[in-house]
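Input: one structure, supplied below.
Chains: A, B, C, D and E, in written order; residue numbering restarts at 1 for each.
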Amino acid sequence: MSAETTRRIEAHLGRRARWRISEIVFWLALLAVIFAFPSRAALINEILVAGLFALSLDLILGLAGIVSLGQAAFLGVGAYAAAILASWDQADPTLGLAAGALAAAVVGFATAPLLLRGADLTRLMVTLGVSLLLGELANRNGWLTGGADGLEFSMGKVLGRFPIGFTGQRNAALYSFAVLFVLFALARRLRQSPFGLALAAIRENRLRAGALGIATSWRIVAIYAVSAAYAGAAGALLAQTTQIVSLDLFDFHRSADVMLMLIIGGAGWLYGGIIGAGVFIVLRDVISAATPEYWEFWIGLLLVVLVMVGRDRLQEYVRRAASRVALRLARDAA
Amino acid sequence: MTAKRWTLAAALCAMLAASPALADENTVTVGLILPMTGPSASTGKQEKAGAELYIHEHGDTVAGKKIALVVKDDTGAADVTKRLAEELVGNEHASVLMGFGLTPLALAAAPVATEAKVPEIVTAAATAMITEKSPYIVRTSFTLPQAAAPMADWALENGIRKVVTVVTDYGPGVDAEKWFGGTFEKGGGMIMQKIRVPLKNPDFAPFLQRMADDKPDAVFVFVPSGFGAIFMKQFVERGLDKSGVRLIGTGDVTDDDLLAAIGDAALGAVTTHHYSADHDSPENKAFVAAFEKANNGMRPNFMAVAAYDGMGLVYKALEKTKGDASGDALLAAMKGLSWTSPRGPVSIDPETRDIVQNIYVRKVEMKDGALFNVEFATIPDVKDPYKASKR
Amino acid sequence: MSGPALEARGLVRQFGALLATGNVSFALEPGARQALIGPNGAGKTTLINLLTGVIRPTEGRVFLQGRDVTAFSASERVRLGLSRTFQINQLFPHLTPIESLGLAISERNRSGADFWRVAGTRPAIVAEIEDLLTRFGLEAEMDQPTHTLPYGKQRLLEIALALATRPRVLLLDEPAAGVPEEERQDILAALAALPSDVAILLIEHDMDLVFTFATRISVLVAGRLLTEGKPEDIAKDERVRAVYLGEDGHG
Amino acid sequence: MLTILFDGVAYGMLLFVLASGLSVTLGLMNFINLAHGAFAMVGGYVTALMMDRLGAPFLLTLPVAFLVPALLGVVLERTLYRRLYGASPLDQVLFTIGLVLMAMPIADFLLGNEAHQVNLPAWLSGSLSVYGVGISRYRLFIVAVCGVIAAALQLFLVRTRFGAQLRAAVDDARVANGLGIDVDRIFAVAFAVGSGLAGLGGALAADVVGGIDPSFPVKFLVTFLIVVTVGGSNGILGALFGALLLGVLDVAGKYYIPSIGAFIVYAVMVVTLIVRPQGLFARGDGR
Amino acid sequence: MAELLRVENLSAGYGEALVIQGIDFALEDGRSLALLGRNGVGKTTLIDTIVGVTTRFSGKIWLGGVDIAPLSPHARAHRGIGWTPQERNIFRSLTVEENLTAVAVPGPWTVRRVYGLFPRLEERRTNGGRQLSGGEQQMLAIGRALMLNPRLLLLDEPTEGLAPIIVDELLAALRELAREGLSMIVVEQKPKKILPFTDHAIVLDRGAIAHDAPSAELLADPAALDAHLTAAKKA
């Protein structure tokens, strides 16, 4: 055995583990944007939260290849868990965040078996059905959730020090940034681990994955629960930074929008959701400022073109563009 | 290529940074947040047209200040409303927030109004408690108790004793059920059954059948504007009108905007509300004519007039403060203001910040080849009974 | 340990009225080099699926190193030492050979559910990946996505993957199918170099391969074992000739 | 009781006519066409506008409400849809959501966002009393028309050579193609029929759902999907039974237990998918 | 006699697997060809490539002087190629009669004539495709191909997995068709079944033509048969 080959294998397996310069630049730039545009803190916050939500979808769609049209279910569960906790005077954001993630993970774990059988189409419909059922459940239990009127509440300070309301918009964005970054780093690690590799195997060829001794069903259940927890955390953040939850969190369009974001940015490389959320929300903001009634048309057009041109090609383009921009930023900064 | 991508990123940042027309000293920005897309889009369209009409008629300058109206689409999602409110205030330096199509949307903006000390003028959402959620909320639309309670009085006076109520199952619906029912029972009437219909409901048949089985004197109905057409049509289709059951309700079900669409099925329905396009006053005739002219023949409804008055409230408050657009000054000026709206005389209750207005009893009739809510009785100066009851 | 590595006792599988496998019994001794042949539609695929646990038998039992695994799932059987290759490549097109092998080895080490450690930080695993790459001559392509590999190399990876699970029993399903002539020798060499302690069942149409590789041949016809024996006996067997040539068999 | 049953059947028939087009595209051709509602919207608008602007009689507008979306369907199928037949469900979902997002603002831009009503002729308004049971004339009409459509579709599929070729193409496109069946053309026609049925459904449903407005394609999207999911994809009858089952359960549920109303439909779907995840949606060609 | 089919330097496979390589042969009108070889040597791939339902990597396929290789499968069918797939692939949701009429092209072969050839099919005309026995399915598959009124009939292992008595019935029908002068290529693993009534035989081995001779010649030389069909090229 040659030491050279050994080294190359180690390097190959760990090649995505080391943070690359372009990645570091990406996160620094994101942080810089929060400070550079204090007046857009609310929009940036929305992007960060949506980015986390899209990341949650990437965990199952991008890593494990499981399609879902019901990711809103977990967004809603997480948001309502955090909101209900806050309305019981447990207003500490960290507690709410944990509760949101946990509640969503439990629901995810409980519903994951529904995904094990059937084809993509069945999965799309089952996940959609579950989100609709949960939405109706929230609607029917108005005593707890506020029903169709929504539930508003006041939020405590992050870590007991930083208010995140209107006067603390930047705090809110920084809070979301911190949560996104930590969860992203975890997801990144997970993707790079043997577990992540096993998910890639299941996505690429479930039959062979099983033939290598991988308990494919359990892995899918596990990643679905993790994905649900991420979506729940996004929901909790959304609830906490807006201090209101309403039934539209469970709506079909939430699940559809997050899928668009992820697809725009490209699934499977974890940055896609965040970039896609940025592009989608900024585009929506700009177009809808110009034509509040007709902005959907342009998003729709973008989507049709995206599918027609081929997602893979566009995804590759976005990936390369993003890393080049980041490198350029690094060079300019140096 | 690299340069091109670099430009792309720069463009994204620029879009992010863009703050339209940096507000100067002499501009007062009014942020109008409405659902412009999705199922409540018709509300947004009416409101936007109403607010724009006011500016068009009264010029864009008042007390030396230029008025800038910024319209934002919140898609009916509360978190977007909240974000837009924050941005309008924080980024575009809006002095007034206005609009809010549904109760949760109005509530979402309330903390922003409170913290930023910016008046929030609610021109649509009609759940009574909304104004209690922030001392900066002022309302120019109406509250459901305000419209529903007088209906009970009228019903009692007109020999109706047994009623089934049908309301949509959300804040305003529950308000309507409670205030019609409460007032009606206090006056000696009997509520035979209270039916709540889910918000997303394409078919009223089973509910209508339930009420038909009870054989009431009348059915009291509240559905959000837009659902009125289905309800009325199915009511007639089921033959309930011919079996002698009267249809009463708040004006939402016979929305002016939809009457033509509902057609003859609406004939004879008696409702109480604060505005009818048929209201007989010179102010209203001018308003309706100007609105239809500006909007391709679209008939204004109570949403349009509320936004029109909301805009008017801003103008009048600014005149009173002599151009001082700070939140507290505007709010103080708004309290107690009174004027003549297309709907009749109105004023802002200084204590509750809700609008005080006449409630009219109307009946749908054919007039000059078109259907109208024709007013035939007036209950003057009605305050929101919900807040009055709490005192 | 004594006794057969893999044993089937009275396997029966029916699909509705169709009898796909009828009372098949056979044993594979440790280190065996056995081939399974038979015309199309003889039920070879069904038999493999029964042995590997993809489908359950209607009757009969499967023993792996003396242990009754009839009720075990396919992935459980793999962990107990029964591995297979596929007739049509079943690989991970966008993973590299290093990643595919690393995955299989981690899984075998019970560290496959490890979601925190970065893959490739355990020297033992890296050493084993390297060993397999060298044995199958895949060093040059080891960091290329699998779908870009030449077909023959993919076939080799197919076998390497199965071997990475450290099987006691290996089922090879037409390992040389579809391989161009020039890459064929690599496959033959790889087969010859398989560890001698692993029991191997080769399912193959290529008689060249069967007769060079196997020391024992089983013939499956219409879901039943027609005969079993040494290659030279099978070659002479009239019934086998009949099956393949379409003559009416005697006896 | 009988009235409730009738209402349920009528509502079910309405669901069927709205979803029948989808049972052709999704059920037979395995294409996840979330833009189905957009075709229905076009049909609804055709009827509403023809009656409103041209004063055309209701019945006369119905064939046009079929033809216009069918034509639109062919154009879109030839230019766009066909490229996605073999694509992943994800791509199909994204593409058709994109179409919906485009269709709604276009409708809003051209026709405004108020609901366009279909005002029924007098002979279809009001209700009849049959043995003391009040039956709405229009619902009776819908039941009749939908019954005819279901029967016609079934006959079309079962009795015509085209129907046989379509079923053959769905069974095994590869072999059908190899045996001289122009699978491309067959699918184009089937897609047109599906789109046309959607349009007809939109036209018939307009009155009952409170008119046609730009949000129509998403308002009932979930409902369409549920009907086809529950009914299964193996042809028109599955969709019909699914629609009737849902219609009756929904109406009865709302009548007897108003407080759980909307649950029933969603629960029926989820339970169906748990019990028969493959059976209802098994992709035709397994090869 | 005119040349009906000519295959030139044909290579094809599935996905990336190259299954047949550089195949050349020709067939005259009215003649029949036996395509022999063990499992997995590329017989079905060759047939599928002529039909057009697999991936052709290179080569030409002339039918009656026209290169049909660029044509779609259904266009090839209408130019005179009739096909019975290896798995028969009866359309499951069609009845027996529908299976015949759905693909019919006007010509001498009608439903009536097919029923004449296979009376069993007429008995089962309203049965669904999935209710048929293996033999009936094969008869239907042949009848279905005949309904196209083909100039060339491609039969992929028509006797595989069938009971001997059914095999005889089918072979009798095929012999009759060959006698009437219908051109056909029959894929078979059991040469003695078909060599007696085909004009020419090709033996495939590992994707290439290993032997190309008149059927009678091959039949008369058991050694050659053995060599190619069982322990070929034993090292």
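Heads up, the rule we're going with is that a residue touches a chain if its C-beta (ideal position, glycine included) is under 8 Å from a C-beta of that chain, and two chains touch if they have at least 3 such contacts.
It should be emphasised that the depicted structure is a prediction, and the values quoted were computed from it without experimental measurement.
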Every chain in contact with both subunit A and subunit C is listed here as none
Show me the overlap between the contact partners of subunit A and those of subunit E. C, D
Name whichever of B-D and C-E has more C-beta pairs touching across its two chains. B-D
Taking each chain's centre as the mean of its CA atoms, the one lying farthest from the centre of subunit A is chain E
Averaged over CA atoms, how far is the centre of subunit A from the centre of subunit D? Could you give it in whole Å? 34
Express in whole angstrom the distance between the two chain centres, defined as the mean CA positions of subunit B and subunit E. 76
Just curious, how far off is subunit D from subunit C if you go by their C-alpha centres, in Å? 49
Could you grab the centroid distance between subunit A and subunit B? Build each centroid from C-alpha atoms only and quote it in angstrom. 36
Shared interface positions of subunit A, touching two or more other chains: 139, 253, 293, 295-296
For subunit E, residues that touch 2 or more chains besides their own: none
If you look at subunit B, which of its residues touch at least two other chains? 37-38, 41, 45, 198
By the touch definition up top, name every chain pair that qualifies. A-B, A-C, A-D, B-D, C-E, D-E
As the complex stands, subunit C meets subunit A at residues 52, 74-76, 78-79, 83-84, 86, 90-96, 98-100, 102-104, 106-108, 111-121, 126-127, 129-131, 133-134, 139, 142-143, 161-162, 164-165
If you look only at subunit E, which of its residues touch subunit C in the complex? 13-14, 16-19, 21, 38-41, 157, 160-161, 188-193, 206, 225-226, 229-235
So in the complex, which bits of subunit B are touching subunit A? 2, 5-6, 8-9, 12-13, 15-20, 34, 36-38, 41, 44-45, 48, 71-73, 75-80, 82-83, 86-87, 89-91, 103-104, 107-108, 110-112, 115-116, 127, 133, 169-171, 198-199
So in the complex, the part of subunit D that touches subunit E is made up of which residues? 161, 164-165, 167-168, 170-172, 174-183
Would you pull the subunit E residues touching subunit D in the complex into a rising list? 51-53, 72-74, 76-78, 83, 85, 89, 91-94, 98-99, 101-103, 105, 144-145, 148
